[in-house]
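Below you will find the structure I want to go over with you.
As written, the chains take the letters A, B, C and D, and residue 1 is the first residue of each chain.
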Amino acid sequence: MRLTKRQMAARVAQDIPDGSYVNLGIGLPTLVADVVPPDREIVYHSENGILGMGPAPQEGTGDPELINAGKQLVTLLPGGAYFHHTDAFVMMRGGHIDITVLGAFQVAANGDLANWATDDATLPPAVGGAMDLAVGARRVLVMTTHTTRDGRPKLLPTCTFPLTAAAVVHRVYTDLAVLDVTPDGFVVREMVPGLTRDELQAQTAAPLRWEEP
Amino acid sequence: MRLTKRQMAARVAQDIPDGSYVNLGIGLPTLVADVVPPDREIVYHSENGILGMGPAPQEGTGDPELINAGKQLVTLLPGGAYFHHTDAFVMMRGGHIDITVLGAFQVAANGDLANWATDDATLPPAVGGAMDLAVGARRVLVMTTHTTRDGRPKLLPTCTFPLTAAAVVHRVYTDLAVLDVTPDGFVVREMVPGLTRDELQAQTAAPLRWEEP
Amino acid sequence: MIDKRVASLAEAVAGVRDGDTVLVGGFGNSGVPVALVHAVLDLGVRDLTVVTNNAGSGETDIAALIRERRVRKIICSYPRSSGSVWFEKLWRAGEIELELVPQGTLSERMRAAGAGLGGFFTPAGADTPLAEGKEVRVIGGRRHVFEEPLPADVALIKAHLADRWGNLVYHSAARNFGPVMATAARVTVAQVSAFVELGELDPEAVVTPGIFVDRVVAA
Amino acid sequence: MIDKRVASLAEAVAGVRDGDTVLVGGFGNSGVPVALVHAVLDLGVRDLTVVTNNAGSGETDIAALIRERRVRKIICSYPRSSGSVWFEKLWRAGEIELELVPQGTLSERMRAAGAGLGGFFTPAGADTPLAEGKEVRVIGGRRHVFEEPLPADVALIKAHLADRWGNLVYHSAARNFGPVMATAARVTVAQVSAFVELGELDPEAVVTPGIFVDRVVAA
């Protein structure tokens, strides 16, 4: 079996402690906010100047200027605040965000992250706030499918795509496993039921190690 | 004759156009605000985070936290705003203050300013915001007695005291004259009535030139 | 008397010239000074360098400037979106230059210009192709790249309310790049929803003090 | 649940240790977190490096810390005032170290630390003795001096109101160094006049978002 996107999000959510300041990358990671246990108070940050971001407004309501980094309508919770872009990045680059959850094209065994550019030169490059977030968040979690759509590994000995940041990823959550980046490379902490170590290694270009958590 | 402090301030005030953003240094320059013609709307800035500073409150009233750079009680005019120190210095260093009026120990013929430290090593050094203001204001006016209390010149070929900033002074207002700093050194624009050119030069260590304004 | 209010959009953008560097506020569709950008379009100026987070979407504002070939170069962090058709078309044709800057570096470079600083070292991008050709220095054991100030001729921003001194408050996340852009340009122009009397804005809550603002127009 | 409110001054400053670098807000007597400084005095910690604009006055707060020989080094812009008797006495006796920093550079160095930057070039002080031993670089035809970030273990600041998330608003010019110091320390403690319920502070007017604040105490 493979985890669904929502199951992956729920697994990430388990590791977000009560009281955390969290920035969720665009795409897959935004699902995490939907599945965090309701007894945890999490303050969500958005790079465009929001702390205390709440869920999407009800259809047909909402402030058209109040959007998240993915340009979707959001709301503000009591206790939330607005600030300007430069201050938003003080928070991101300055080590004030406890946890960021990012998507990835590739993650290397030393924690290098590639999540902004591929080798497709027909697309104009676009980086957004990914580099600031990757170098600045206290804990960088990656949430991604274990392999590309056509089955190629995303966890590699070294990244082949341009880096977002070097040696920043702490933990990777895929549809097959949870892996920590350690000084000795990827260490598998969990696997989906029914998957063997050999099967996981076969879908991973970097060598894997297993340790009890 | 020599100008009184208030007359010096009034002369400086003539050169502050309507609508200017102005930072007055502590001491003598603060007098300028009292004598600006009332038909001019001037926005006074204070390094501790105030724009639109008004006069001292009436005796016995006032907000004890609302002080100017000289630590005297002030007020806030309608249209004024508070901001933090770092933003106050963005304004000062970033070229947003139209005019600053500063005191001086020494001014050199090339516009070098010395106004924070003398050669008295028994006093601990103290600089405050003088350097940021001197390098950052669009126009730096100096208001000072022409000579020290014991009659030594303050306008020199080069400063002997430690610099506050190099080549920043535009104009000097003394109790004897108004002088511009030009590529050819000090040019005298005005003198007090009855003073001869030789008398002014005798009290000035830097060579003086005269031009019609 | 200070009165930064102007009566028309044409007056608001008067003086913008061919070759100018123009900062344009906004993040996605939030906080974009649409009316001001169209006023610049109406001016007919060319060879602009536009600094903005995204490269326009659809057919309006920044996308319209690009479509009409007014933009020689765009400096931004994320030029790609579902609607960035005109940017992508001209970029593929080699008709527009792109300088890609990490978003935090983009706003920090404008801040440095506004703050009178000569540049700064940031870890963002230091280990990436975006650091190529730039000075890289190890500080505190970590690689940092040197980034230069990004000053501009004009800033076009959107705010909520203004008084005649040019004090501004913003509306929710439309604040984004407005405050930093206001500090970084020789001339800053704000389009606002409404004017208020001097003294009506809470001095504790003014976001952009008028010292950073040259003209305000209701639009 | 997030609740940064603590019940006592002792709790507010718990964990401050010998040798710590402590940021203390205030400009003259405006915005000084007097109660927090006295709580640190009561802790008995020594060898502190204190970063603050002035070097205390009279016999209270910072002056008391200096008088009681708790301060090994002070980093400030203006240590001299009519009341800075204790600082001057110890300075003359060589019993306290002084690092003099231009005021704008002082706040900018703290900002760099809080912003995760590796340092910056400023023209302030570049042509003066305060640049001695530092890198000087000509940028845009002007001399600039390289200044390093100034991070700290603890920041003690004074604000007006706080909620349980640690969001802060300030009172008039007492704001001064509070917001930047809050970003630059590992632990930021604010003394406030009063607490308010979550949601009572206007999200457009919060000056220091709670992300920069660890503990708030009413004092």
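Annotations
Simple rule for what comes next: a residue touches a chain if its C-beta (ideal position, glycine included) is under 8 Å from a C-beta of that chain, and two chains touch if they have at least 3 such contacts.
These numbers come from a predicted model, not from an experiment.
Shared contact partners of chain A and chain C, listed by label: D. Centroid analysis (C-alpha atoms only) places B farthest from chain A.
Centroid to centroid, with C-alpha atoms defining each point, chain B and chain C lie 34 Å apart.
Annotation: 32 Å between the Cα-based centres of chain C and chain D.
Distance between chain centres (mean CA atoms), chain A to chain B: 54 Å. Contact of a single residue of chain A with at least two other chains is seen at positions 76, 82-83, 89, 92-93, 135-136. Residue positions of chain C touching 2 or more other chains: 108, 111, 115-117, 122-123, 170-172, 203-204, 207.
With chains as nodes and touching pairs as edges, the resulting graph is of another kind, matching none of line, ring, star or complete.
Contact between chains, as defined at the top, is found for A-C, A-D, B-C, B-D, C-D. Contacts from chain A toward chain D in the complex involve residues 18-19, 21, 41, 43, 45, 51-52, 76, 78-83, 87, 89-97, 135-136.
Listed in rising order, the residues of chain B touching chain D in the complex are 46-50, 63-67, 71, 76, 82-86, 89, 92-93, 112, 117, 122-132, 135-136, 162-166.
By the touch criterion stated above, chain C contacts chain B in their complex at residues 1-2, 111, 113-117, 163-165, 167, 183, 198-199, 201, 203-204, 206, 209-212.
Against chain A, the residues of chain C that register as touching in their complex are 27-31, 55, 77-81, 87-88, 91-92, 98, 100-105, 107-108, 110-111, 122-130, 143, 170-180, 207. Of all the residues in chain C, the ones that touch chain D in their complex are 108, 112, 115-123, 137, 139-140, 142, 144, 169-172, 202-205, 207.
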